[in-house]
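In what follows, structures are represented as structure tokens.
Next, two complexes with subunit A in common: one pairs it with subunit B, the other with subunit C.
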Partner chain A sequence: MFLHELKYELIVNLRAKDLILWLMLFPIVLGILFKVAFGSIYENSLFSSIPAAVVMSGENDVFRNVVDSVSGEDSPLLDVRYAEEEEALELLENDEVSGIIYAGDEVTLTVAGKGMQETILKAFIEQYTVYETIIEDTIKNDPSKLQAVISALSDDVSACTETPVTRGNTDQFIQYFYNLIAMVAIFGSITGLHITENNQANMSPLGARKNCSPTPKSVSLSVALIGSFAAQAVCLIICVTFLAFVLKVDFGDRLPLVYLASVIGGCMGVAMGFFVGSISVLPHEAKLAINMSVSMVLCFLSGLMIGNIKGMIAETVPWFNDINPVAIISDCFYCLNLYSDLGRFSVKVISMVIYIFVFYALGVILSRRKKYASI
Partner chain B sequence: MAAVKKESGCKLMKNTVVKITDLVKRYGDLVALDHLDIGISEGEVFGLLGPNGSGKTTTINCLLSLLAFDKGEIEIFGKKMNPTAYDIKKDIGIIMQNVAVFDELTVYENIDYFCGLYITDKVQRKQYVNEAVQFVGLEDFLKFRPKKLSGGLLRRLNIACGIAHKPKLIILDEPTVAVDPQSRNRILEGIEELNRGGTTVIYTSHYMEEVEQICTRIAIMDKGHKIAEGTKDELKRMIRNTETVTIEIIGLTEEVKAKIAGLPHVYQTNFDGTKLTVCCSGGKHNLIRILGVLQENELSFGRVYSELPTLNDVFLEITGKALRDKGE
Partner chain C sequence: MQVFNAFMKVMKKKIFIAFIYIFVFVFVAIAMTFTDNNVSQFEQVSLKVCVFDEDDSPESHALCSFIGNDNELVTLENDRDVIMDALYYERADYVLTINNGYAEKLASGDTDGVFVSMKMHDSYSTVYMGQMLNEYVSTVSAFLAGGNDVMDAVSRAEEVLSKEAEVNIASFVSRSDPDVNTNTVFFFRFLPYIILGAVMSTLCPVLLVLGRKDIRYRTNCSGIHQSTYTIQIFAASAVYIIGIWLVFMIVGLIINGGTYSGIAWLAVLNSFVFSLFAAMLTIFVVEFEPPATMVNIITQVVSLGMCFLCGVFVEQPLLGDGVLAVARFLPTYWYIRVNRMIEGSETFDMNTVVLALSIEFGCAAVMALLAALVRKSKYTGKSAVPV
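Showing the complex of A and B:
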């Protein structure tokens, strides 16, 4: 009887149109939109070479070599065009270059604006001038140290040592994908609502018919929950797989744990819907509306729409992020990505498991062995 | 209101399948079931007849332990009914007023699913499902989803889901609402066939013709009360009317009408200008006597009808209102 019911529960769930729409198609479309939107932001923020005109007003092979080296790399600092002064001025006037470098006995710069590119050009020329002066002084005063000086100038010297705090992906936009998965997980509450709708006699003729059968309600509810958990797991596995392998979202090197957290989060969503549905005072439509509204608000507060909301909540009401189911799910991925130890991740997973048991227990208490006041 | 023999208390019969005693159900101030007593014997097709809101569906929901009630007792197969009485439930088939099937499953899958809630043996279940499919005539629609079925076919599927496990007691709550005449006849024939096989049937409806056609015993309900119970003949005998004669006639004078009203067994006459209606109580040759009066007075007439009382007449005489509103 159990397996018979489970078989049909799975078929019903996987053929349900709202499940396919909200838990499969919607996250895929939203994921693509995120990828496209963030992709263009990345492109806009990439460093591009600074166009500059170089007017050789005398022989300066050293400078020419330096300019050639910084404009010939894979990611060149400068995009240099050698020109006569007249042509260079025309290029500057037409905004085709950001500045004109005059290279003779002395290296000077002419710019037409005060932007980032002009500032970088100025810094480049100043650094070259300083290095040139140091080398000339060394040749003049102590030529034996020339090699040591050149070597020292070639090294980047900094008083700070860069120590990475994480081996994970620190991309600021990754949290939107975390929240997307969390949203899919919490939308499992839609299938959770169907559980009560199909098993409570006062909510549907189907529920009434099932209540008249000799199958104990606890069995029907358990089967329905397991079936919904399984269907929700399938949806989340598809979602994470699509994001990780099709959209190439970098979830770090612990992908199996990302799948695990997603599936547990999905089970929490189903259990939440089951609990809400078991509160039999309201009609199904009202429950659905409340469920969707609450889910969307929780998603908003976890940063699905505006990234820094979660940070603001962490500063003002930090406990809320610990009880917001959507925030708990997205924090799981965050912990997995940023922290090498699994301590924080485990706490979040345990929180989700507790939520599942509490929602399930409350739902069963509200649903079992019930006679209804009205049908 | 005519003198009606009102039942008090539940008749205790041999092989009683259902026994409802002193059942009271209130919705706030509204009394939906008012001290209802019903007894149903094995092999009966028991009809619950009444207008919408009379308490038929509430009775069924209480019977199935879906609805909490304020007072009374319900026994099925000699055992007290409650939500966890699974040994009772396994022998009951329910066909709800609203179609209760999964939109996501095909016709075959739906029947198999509901049958599987009662029958665990796969081989037996397969046989039962195939028999149910044949019984309702859905062989050509096995792979159809419910949304692709017409209203009549959907009702048949609903019935198949309720009877596939071969229950001893089948409860049908207005199964023919919004069904075309062809499907309705098929459904009624099916119920009679199930009953011939020994199944006890409880049938609720506000269509008196259906109840008259298939029910061996009938309880008429109104406003939560059982106002009469018996076979259709017993019920008809409870009322004064035994025959209603209708004659199309023009130019009927008050004098002739008075003569007809004075005939033996005639207790009511009505003439609307074209049609004379005469209600008779008892007597064997009422029509001949009425036509005789018309011929004596040299009045010509058109079509003539003589109708025996219906359950609607019973309901009308007891409550002063018709079973169904016009157009229903």
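Showing the complex of A and C:
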């Protein structure tokens, strides 16, 4: 009986072409748009030599030597172009340089905005001015120490040892893709919503027919859930495959686990829809509205629209990220990508499995033992 | 006015559902306004720095205080996972550990590797902080070489390093500080997503009912002319949308802390024109009779796609030229251009504002025309005949 029911459930799911098609198309379309929009942002945020124009408005050979030394290294701090003032302003206006350094008796900076590049340029000329001041003061106060001071200032210092915190993909914009998959997974609730409706006599003619059949409700509900899990799993597998292999989104080197987390996330979405659908006092449209609204808010709080919101929530209400189903799904991908061990990933997967059982249990409790005097 | 009245009747029945969506979108709008208070990551010159002081000496305290002068010091648990989360989600830009023995090494002049920093990748903030720390250490060493004792050298270094260089803004830059409340600016920045979502989610169910076969056939065999029907649908939708738009303007008033003033009215006008576009887009989408369950997915694709592409969630200057070249064809891009002028991120230019509003309005008109065209082709061809 179980297999017979399952066969027909799968056929019903396959015939709901619109829903399946949209659930497949939706991440593909948005994935392409995300890829187009974020394609080069991460590369641009990585450090590269800062383009600057230098206008020598007087004789300042010392400064020229300093500039040449910082722009002639293997990975130079500055990418300098010496220019006349007019040309330099034109370069600045065309965004070809981040600032103009005027080197005369005094060294000043002209910029067109304020950002990290401009801040580094400012720090560079401040460093030069500080060293110049120290040397001048030493000449004035104690010339015998001049050699020692110059030596201290010109020593190559590397006070800071930099340690990368992870070997994974540190592109912060990839989290939009994590959240996109999480959104597709949670939108599985639309399919879950129909399970109860197709199994309750007061909600659909199909439900009425099923209720007067000899199949136990537990069997028909379980079969419907398994059928929806399967349909949702297919959608998510296609979604992850498209993102990973067509759009070349770098999910790290544990792709099978990415598939696993997506599929379990999709099952959680279906179970959530099943639970909401079981609240029989509400009409279908209200249930759909509640389902979609809750999903959207959860997606928003997981960082689908504003990437760093999850960090803000972690600061203020840290427990919320641990109970937000969408954040749990996207955290799985984050952990797989950045963490070397699977401890936190396992906790997230277990959380999803618990959610599935809780939603399933609540859905069953709400939809069992229904009797109808009239439908 | 039969069609108009029928629209209102259906709307009344759907008002509860509409309220659910509107309530949620109001919540999201408020949350967006108060969560994203950074204009852009590249305009932030004060970094969020976390310092773990393992040396705990007067010298290391002085360094912490020096770092805190121009940056915001944040506190984190000294745990690799917590640090990684903080760096990834930008709760910290730089995490520095002052190693044990810093003070002694500073005094002896052996300053290599006195700090350890944890980084996600080679960002500008990493380079900036590395440069600043090297400069600090070199300056202290220079004062030590000049005959000062360690604490004197530290305080003199802090004194000279606190002198600011002269920085001028180029004469061609005429950006002014906005005279609009920052929260209001953010509210209007995220409004395209909210309006598209709210309008499509609430208007679609009403229009789908009116487009149902039984109602459509009844209307088609009535005496109402097709163009009259279309005009009444447009009018009723406009009334409905104005209602929704007013709800968001009232929310905006609360966020603004009082009546809009000055240039904020331009943001109000901009949002109104955009709402018209959202309404016409919805009518156009409904002409293809999507199943009710699919409306939300379509809404998310359209609203999220358009907003990401046009710079609602990610600042326009961060998007590539190619992306912006495509985005120019979408009204959301022009909405954001106007908003950027209002917030002072772009030079205010009345001609661009007029052009932007005209394009938004033009897009609304195109959507209306397309919807009417699809409707006409649907109901005057063979498909108009019930089988």
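Quick notes on this one:
Just so it is clear, the second predicted complex is superposed on the first by the 250 of 375 C-alpha atoms of A that agree within 3 Å, B and C clash if a C-alpha of one lies under 4 Å from a C-alpha of the other, contacts with A are read in each partner's own complex, and residues count from 1 in each chain.
Just so we're on the same page, a contact is a pair of C-beta atoms (placed from the backbone, for glycine too) under 8 Å apart; a residue touches a chain by one contact, two chains touch by 3 or more.
Predicted model only: the values in this text are computed from it and were never measured.
When the two complexes are overlaid on their common chain A, residue A:Ala289 makes contact with subunit C while staying clear of subunit B. Once chain A of one complex is fitted onto chain A of the other, the partner contacts of A:Thr215 are limited to subunit B, with no touch recorded for subunit C. Contacts of A:Thr241 after superposition: neither subunit B nor subunit C is touched. When both complexes are overlaid on chain A, the residue A:Ser69 reaches neither subunit B nor subunit C.
Of the two partner chains, subunit C is the only one that A:Leu338 touches; subunit B does not reach it.
Of the two partner chains, neither subunit B nor subunit C is touched by A:Ser346.
Between subunit B and subunit C, the partner in contact with more residues of subunit A is C.
Contacts of A:Val29 after superposition on the shared chain: subunit C is touched, whereas subunit B is not. In the superposition on chain A, A:Val149 makes contact with subunit C only, not with subunit B.
Residue ranges of subunit A in contact with subunit B, taken from their complex: 1, 4-5, 8, 11-12, 15-16, 201-202, 204-206, 208-217, 369-375.
Of all residues in subunit A, only 18-19, 22-23, 25-26, 29-30, 33-34, 36-41, 44-47, 77, 89, 92-93, 100, 106-120, 122-127, 129-131, 133-134, 137-138, 141-142, 145, 148-149, 151-153, 155, 157-166, 170, 172, 176, 183, 187, 190, 285-286, 288-290, 292-293, 296-297, 300-301, 304-312, 314-315, 334, 338-339, 344 touch subunit C in the complex they form.
Contact residues of subunit B toward subunit A in the complex are 27, 61, 64-68, 83-84, 86-87, 89-90, 92, 94, 96-102, 104-105, 109, 113-114, 116-118, 120, 161-162. Taken in their complex, subunit C has these residues touching subunit A: 14, 16-17, 20-21, 23-24, 27-28, 31-32, 35-36, 41-45, 80-81, 83-91, 96, 109, 111-139, 141-147, 160-161, 163-173, 190, 193, 197, 201, 205, 290-294, 296-298, 300-301, 304-305, 307-309, 313-314, 318-320, 322-323, 326.
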